[in-house]
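Here's a structure for you.
Just so it is clear, A, B and C label the chains in written order, and each chain counts residues from 1 on its own.
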Amino acid sequence: MHFKTTVAGLLAATMLAGAGAAQAETLRLLTWGSYAPEDLIEKFEKEYPDIEVEVTFSNNEEMIAKLRATGGAGFDLAQPSHDRIYAAQLEYDIYKPLDLSKIDTSVMEAKLLDGVKANTTIEGEVYAVPHQWGTSGLMADKTKAPNLKSWADLCNPEYQGKTSMRLKRTILLGTAFSMGEDPFAAYSDLEKYQGILDKVADKLIECKANIKAYWNSGDDLSAMMLSGEIVGSETWDSTAYKLFDQNENIVFVPPKEGALAWIDTFALPRKGKADDAAYKWINFVLRPENVTAMSSSTGAIAAVKGGQDLLPEDKKAAVNAAFTPEDIDNLKFFANIPPGVEDMEGRTLEKIKAATGG
Amino acid sequence: MQNKDIKRLSLFLLFAPFALWIILLIILPHIGMVILSLKEKVAPRVYEYSFANYLEFLNEPIYWNTLLRTGSMSLLVTALALLIGFPIAYYIAKIAGPRSRGGLFLLCLIPLWVSDLIRAFGWILLLRETGVISNFLQWTGLVGAPVEFLYNDVAVIIGLTYTVILFMIVPLVSTLDGMDNSMIEAGYNLGGNGFTVLRRIIVPYAMPGIVAGCIVTFMLTAGSYLTPILLGGKNSSWFTEQIYNQFITRFNWEGGAAFGMLLLLFTSLVIWLGLKLSGQTLANTVAKS
Amino acid sequence: MTDNSTYDLEAIGVSKNFGTFRAVKEVSFDIPSGSFFSILGPSGCGKTTLMRMIAGFEEPSGGDIKIKGKSVLGTPPNKRNVKMVFQHLALFPMMNVYENIAYGLRCNGVGTAEIKRKVQDVLDRIALPDVAEREIHQLSGGQKQRIAIARCMVLDPDVLLLDEPLGALDLKLREAMKIELKLLQHQFNTTFVYITHDQSEALVMSDNVAIMNQGEFEQIGTPQDLYHHPKTAFVAGFVGDSNRWSGVVKASDGTGGKVETEQGLPMSFSSAGKQAIQEGSRVTIFVRPEFIKTVRPSEAESTAEAGDNRMEGVVDSLLFNGANSRVLVRTGSGELVESDVTLTGDNDLKPGEDVQLVWSSRQAMCFADQGSA
């Protein structure tokens, strides 16, 4: 009975909220946690008093799932990573093309803009432009794991029970690189890619005994790292930078195979209703004075010219402690995921999780 | 005649929200799930009707192993919840005074006021290698080095039992409360010892409550997601996690829908077996409490 | 000790305190084998507590309880050969009749064949030979009653305790069960201890009755004894109906004398309960309705020998109840006096008639009021 009333109440509340929101123009953002800091939203709403910003935090997979469920309705601006747009659009038709004339692309780092455009152009239409970029790599406590340099080192018996990883596609790709394969090149030949995945699965199953636990969120990773329960892990760079703030021994380590670089983008859901507001938001957050505020919240580097210099001081220090210019050159940008690869990878991840390796 | 019409109308109006709730939130989504689960993707944006998703489940040991694992661990959690919950319920219903009864009930309810997530984090704080219990054991000198209690099946079972035990206690208290104390006294008076009275009188009398509690806790446990994910170790997959992976990581909604239906069928089967074995019916257990 | 063994149940100075409240105060009694003993008292008098101590559900604060001459203090309830029929019977609803009766036998480790024989035997004795396979909810109230007794009797107890088991029955069934209980007790020849607040149940069935009030036994005796020779004012008032007057003794020779009632009427009495009544003490006088004759003034002379107490009055109303009919007479001082009357349907008393009430001083039981004696 209780449950029923709660559900009814929730329903009523959402209906009311929906009705109320329809009055003023609302910009419904579907983005990553920390990609819409309070102070920037306030500033934006002050500048455009008739726009109200509503934020839903999510991740790549859930963004696609949410938009797929509604055929691209319910949100006005989404921020998937550059490699997750092409296949999703082909398969589920959830985005609409951008009107590049409404976006101030001149401020964007040309290399990143061209890269994203190349990745997300379908039938001559561009579906995304870059917002922020960052890397996935390794994190280590310098004093306890000075030799953690490669993806493969997570499985090094030297750190028995003291390492962690997230059981998602990043570690599959990283491990593939560490085994001398180029998974991105194999995307065009899925049979070959399956072969790589099988080898990676064997390696990671063997590695299970070495792992303390798979982390699920930045929070549990941070807790394990700060408490010293683990000495090294696969990580997002932003998480590592945050920990660097609290403990200077914890640094981001770009693996010698090259850190995996992602670019989070701006894309318009197909049934979005506030395109103008969305364009306004895009231009707003790309302004230099707002870039620093955004980066200080996300820990990622803005895809604008001189983005690295616009980082807040503490982040700049963390990045400089982590990257040499060679590391930057060595970055491996995630390649577009062709249809079907997610399913193959998901199956591999299930196999690893279910295996009783250790 | 008019009176009858008014009666019928008011009955309809009273029933309407309930019927709407059932149809909109239970029946329609499940029909949708069944249809979705019978689709097979043959090419991008092209689907065909087939049983491929169900066959996939049968052909992949990982899936049915996970389902069996989820089922057996859920049964274990249900049994633990019963073993721990029964004495608590008995104390609340039969031994505690009427005044402390409310307080005790409230104590059992308090954990429900925080979300699953917070409760799981509570256990993480206690059980982790650098957590409260490990530190306490080191402080007492019982162990020399930090001990990891987290990330294993025991932690999952503890966390789940803690989460669901209230749903065992509530129906038990309500059936035991309805039991005349003289029934227990008669059991002793006629020569039974404590064990006989428990086995032959209290447990049979409380059977509807026991079965109701077991059904609810089993369903909640088998369908839980957060606790097994957060407390579980490297090898501990839970079937709901498989469903999530199908839907979210693999974008395989058809497979996820099939898995969802399989979980529903599986739990229904276990409950049907349980009812058969205990000689109870849904009407005199769950419906009553 | 050999002497004691003729008693199935003895209580020696048994007390029970709940905190500062004394529920049972130093109660002593002994019950001969095979008799029907009732404990009669108003609710809250401590009789249930006393019975629970006998059954072993409460431990006495003081005193001793012996069954067949052996103290049972410290013996848990399931080791005492005292069985109990509960107020609401407490039959086990999840077992059928057979299982209910077999339960105690199983607890005692009796073999299956023996159980079968004993259960059938006891069902025959309570004249319900065919109900073994029935569920409890299929039985009538009276049948449940008998099954509850059978469930205890099959264990051959030294003493059977019955806690107001007739309370839940309707009037007609209750009357029938009274007789039946008495017959069952004769048949089983087991000591029955029967707890009740209903005096008619106690008087009809019992060999001996104990009247309990405020945790103490006021009097133990046969029903006739209690009715005709109450030892205390409480017993006189509690057992049977009485007309009651309060007054001050004007003249007394110790066993009888004269009283002036509060209404200022003179009255002769005889002292009850072997008390010596002092002149000037405040007393209460009880006169049972059946000992008061109501006569028309014209017939008064013929009843001269019937009593030395007389009162004038007017018939207020007639309470017709067949052989138990009564008349209410309003006396000159305004009080109502109840008197038994035989109504024949021919030339009976009518409301408004002048009458005289006549009774003997021997039937006027006088008790000195507590505190003034």
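Criterion: contacts are C-beta pairs under 8 Å (C-beta built on N, C-alpha and C of every residue); 3 or more make two chains touch, one makes a residue touch a chain.
As the structure is a computational prediction, the values presented were derived from the model and not from experiment.
Chain-level centrality, scored on Cα centres against the all-protein Cα centre, points to B.
The greatest centre-to-centre gap from chain B, using C-alpha centroids, is found for C.
For this pair, chain A with chain B, the centres built from the Cα atoms lie 35 Å apart.
If each chain is reduced to the centroid of its CA atoms, chain A and chain C end up 88 Å from each other.
Once the centre of each chain is set as its mean CA position, chain B and chain C turn out to be 56 Å apart. Residues of chain B that touch chain C in their complex: 180, 182-183, 185-193, 196, 200-201, 204-205, 207. Against chain B, in their complex, chain A makes its touches with residues 4, 7-8, 61-62, 64-65, 68, 88, 90-93, 168, 208, 211-214, 216, 220, 223-224, 227-229, 339, 342-343, 345-347, 349-351, 353-358.
Residues 17-18, 21, 25, 44-45, 62, 65-66, 124, 128-130, 148, 150-151, 229-230, 233-235, 237, 241-242, 245-253 of chain B are the ones that touch chain A when the two sit in their complex. Looking at the complex, you find that chain C touches chain B at residues 55-57, 76-78, 82-84, 86-88, 90, 92-95, 103-104, 107-108, 151-152, 155.
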